[in-house]
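Chain lettering (A, B and C) follows the sequence in which the chains are written, and residue indices restart at 1 in each chain.
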């Protein structure tokens, strides 16, 4: 893979072959304290270390086969995000903006597995002020919650699955879930599933397109958010005046590719 | 058994704002200093790379720069009658992680506390009588004065390059600054930031109502600046990815942009990252620290002996290390005795959101930074007469557009659906035409609010988690209701079609973000029966242990804490250099 | 930092595996313990930047270097501490003199000209003597260095005899009586001790200095060492003596910050030289005007490459370097009017965009800001466009850069990493 083709390919760069590589190399002042046997990273006396290979750029998420969802789960989530963010004169739908792809990839990563969170027991129900106390990771919540939704739907809607419902019927069911009134079997309540779905759908719709949603910066263009521009000094004093430069994503923007 | 490493003069736990300032000062004194940092090395061009620093999902939603709860978290409950449960993810506050600590992702608002803050109980007693202070309100004096702190505030402000306008120079009130602030010896090192539309409108409306607006003192810089250490910082570009993000262009003050370039060149300084300190070791008398024991990434325990141990970690970790090490008597809420864990406080974060006519108002809220904006101070602390009001305290009120990353910052008027086409239209309409005015208010100590070690939950190494027992006291809730109403008057005067008030109300919840301004637990003071450290930040019980951080605040003021935390770092360093090293031992005899 | 600063020609001292038969008595040092002489020797070693090659980062100074990648293979600078077994403890002053003057080491071993004897040949006897005395005072370090790691045929040192016949003639420094004493001191420092031409003078196919184009800029594979003549467009002709002196002393001036190999030079060498010597160097360099080259016409603003480059610049570079290309002093270099930016060879610019770099930190200017690596974000075409844009904006003018140029640098970097 030609590294120059990134970031669109999502392939790793030659420039970040290994995280914190500098700690193992001869960069000035960096010594792994192997002599004394400690594995700590030691820096001393010779200024700020430098290694361009220690960067951790994101990789472009591309549409393609699900990495977490089963085909059925994928269909369901696409059907849901299409209702949470419907296509209208303001934007394409959540599905067409890539929200389901976004959620799938998030669930495959550290977010889905709660790797970074405190997941030690004992798990016990708490007060609302004590936050989420379940032992379910987001990935497990989706897996069990989506199955419960499907079962609930077939049970209460004459054997129809969620994806077979009319837009109005879908919205009604989602509204019931939002209120926690749809009775799901299993450990994941309809309210919990809904709030997680809504949160993740909005993340996908508004996050940088590099993460798989917000395709073509659709939400940013809709609301007038210029993305990752990083310098507004020339507009600070232009009070109450529209900002006119188009949004930029971490992966750049279309104008760059114009062939000369 | 921990393996012993070669002796050092000083071991510093945590290399954030305070650790780096003190390390630099003590290296200048010729001491051999080692800093142990729990998290990774972090550097601007690689870790806050301008190509991906502006990633809301990664840095704000997923908290990339924050401590991983899997490594350490806290448990929380509102009162001693409840069972504390772990914060499985951080919500209400965001402890930092890695070199630079929370000073990497802070907002940059850099206040001095009011003169009255440092003698709060005396001040209220003098003005309103002792009966005005509720019985369970355990506010107290710091054992030092604003005048004692002034030189250290000055040092921190010049280190960080704070941009602002003095309101009081040597007792002379200055137009355009905060008239309520304590006297400064000299102006801010840099002029105030430019102001966007929202804060400008706020200042005009506030002035019409009789307030005296002034620019927020900002550690985001208004121009290129070289600090007294010779380190150059850049001009803030109002990128709008500030609070919860690292700064990609050297324009937000942090250990990285002010101290580390100099500190890391010193041959008598050594940094060990990814090393978590387990406890401070005491000798058989329990009156002297011999060093610390820590664990590296391999899991091996190592003992670093040192003559001086300085706890500069996040405030919760400083308190926890004191408790785990048996330094100072733990606080017992049932009797009100003991000092470590006492007077845990927070910050009352209040807000009013104005929704303006989208056809007429475009605030371009994405143009901003954590410390840009305008403020008033009439509603803060004791700047107004509390006599008839039935509460004490207040907050700094400011219109500070910190950015408008759209996952988290797209408010809609109450009653708007949360999804669907109706939501989309309302959200689109209000995105550029809403404006928020906040009031970051005082949090006063209460006998029932404290820190101790959790009896059930442990960290990855089996050590008990810190347990927070906290709720907003009635005094503070009353105060919040009052100031929020006042703020709403201003928002309406600005021309908002609708103003929505969010006064802080109980019970305290760990879920929504409020601020990372948790304070207290090892109060500073002149009386060892109510304070854990003396006015030089030295442990009363183990004189070769100092601790520096918001953990020494006896209560919180209506100001963001970092300016005072930075000043305390310089104060502690000065005390060690000019007093302790000449005669190691207690600097104050109680 | 990848240590390629001497990647121009292959070479180095022979010593390491050469077993010497009994140098009998230690040289008489009694007369050579003079404080001022030792100090002078230390200064000569500093000005000649011996430590840059003859040490590894974090290792004992002068005890042998890290591997240097050269076009011909890998070379390692030997141990020059007075250790008898592995250093130069058995050498005589004459051995050192011949090494520096003639490129012939002890025992007749010919050096590869990665050791800059083509410059050191102009050193004065006094400086060589002082250097010798100083080296003798170093703590002997036992560190055997395998100096010659070149592949056949370059590992045959005899080849260097032929190279020297073609390229090298021992000489000495010849002052110009028409010029001031300061100018001549500068000339000596530049030509002899400082060996500036080792990096900044273009090389012939065999790696010898092209003296007709002395100091006009040279490619070191992954870095381009720009012109340090008074050329106003591609060189440093717009700098004053004070500005150039500040750059050499502190690593930063009103326009620029040193990084890459020059950062090492400043850290080890010029930041430790006297102000008078730095001023002398500046006086000499700024008096050297090359024949005026024809400046290319800047690309039109509506050229497609300029439009794309401008978009990339606005979206990626402006928050530091500014919309006007002026940067921020001591933090972000000024691109407008920069010689490096307008140099015919864009290798350094491309490399900085792809891989970033840390500026030097000195006691006077300790900040050491860094350019972030952006090669993960920008395609070769993006980089070509943005580099072309900065080379042709704000009154700059330089030939456009192609995606192929960028690909080449990217490949070199990938190999180095």
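Operating definition for what follows: a contact is a pair of C-beta atoms (placed from the backbone, for glycine too) under 8 Å apart; a residue touches a chain by one contact, two chains touch by 3 or more.
To keep track of the chains, here are their UniProt names: A = Gluconate 2-dehydrogenase; B = GMC family oxidoreductase; C = Alcohol dehydrogenase.
Keep in mind the model is a prediction, meaning the values are calculated, not measured.
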Best-connected chain pair, where connection means C-beta pairs in contact: A-B
Maximum centroid distance from subunit A, chain identifier (CA atoms): C
Distance-to-centre winner among chains (Cα means, whole assembly as reference): B
Subunit A-subunit B separation of Cα centroids, rounded to whole Å: 29
Distance between chain centroids, defined by C-alpha means - subunit B, subunit C (Å): 47
Contacts with two or more other chains, residues of subunit C listed in rising order: 319, 356, 358, 361, 368, 370, 372-373, 376-377
Touching two or more other chains - residues of subunit A: 29, 46-48, 50, 52, 55, 57, 228-231, 250
Shared interface positions of subunit B, touching two or more other chains: 43, 46, 49-52, 235, 237, 239, 248-249, 261, 265
Residue ranges of subunit A touching subunit C (in the complex, touch as defined): 2-8, 13-17, 26-31, 46-48, 50, 52-53, 55, 57, 228-231, 234, 245, 248, 250-253, 255-260
Residue ranges of subunit C touching subunit B (in the complex, touch as defined): 316, 319-320, 328-332, 356, 358, 361, 363-374, 376-377
Complex contacts: residues of subunit C adjacent to subunit A: 1, 56-58, 66, 303-305, 307-308, 311-312, 314-315, 318-319, 323, 354-358, 361, 368, 370, 372-373, 375-382, 385, 403, 406-407, 410, 413-414, 417
Partner subunit C, residues of subunit B touching it in the complex: 43-46, 49-52, 224, 226, 229-235, 237, 239, 248-250, 261-262, 265
Complex contacts: residues of subunit A adjacent to subunit B: 20, 23, 29, 33, 36-52, 54-58, 83-86, 88, 90-91, 110-111, 114-120, 122, 124, 126-133, 171, 174, 178, 198, 201-203, 206-208, 210-211, 219-220, 222-233, 235-237, 239-243, 250
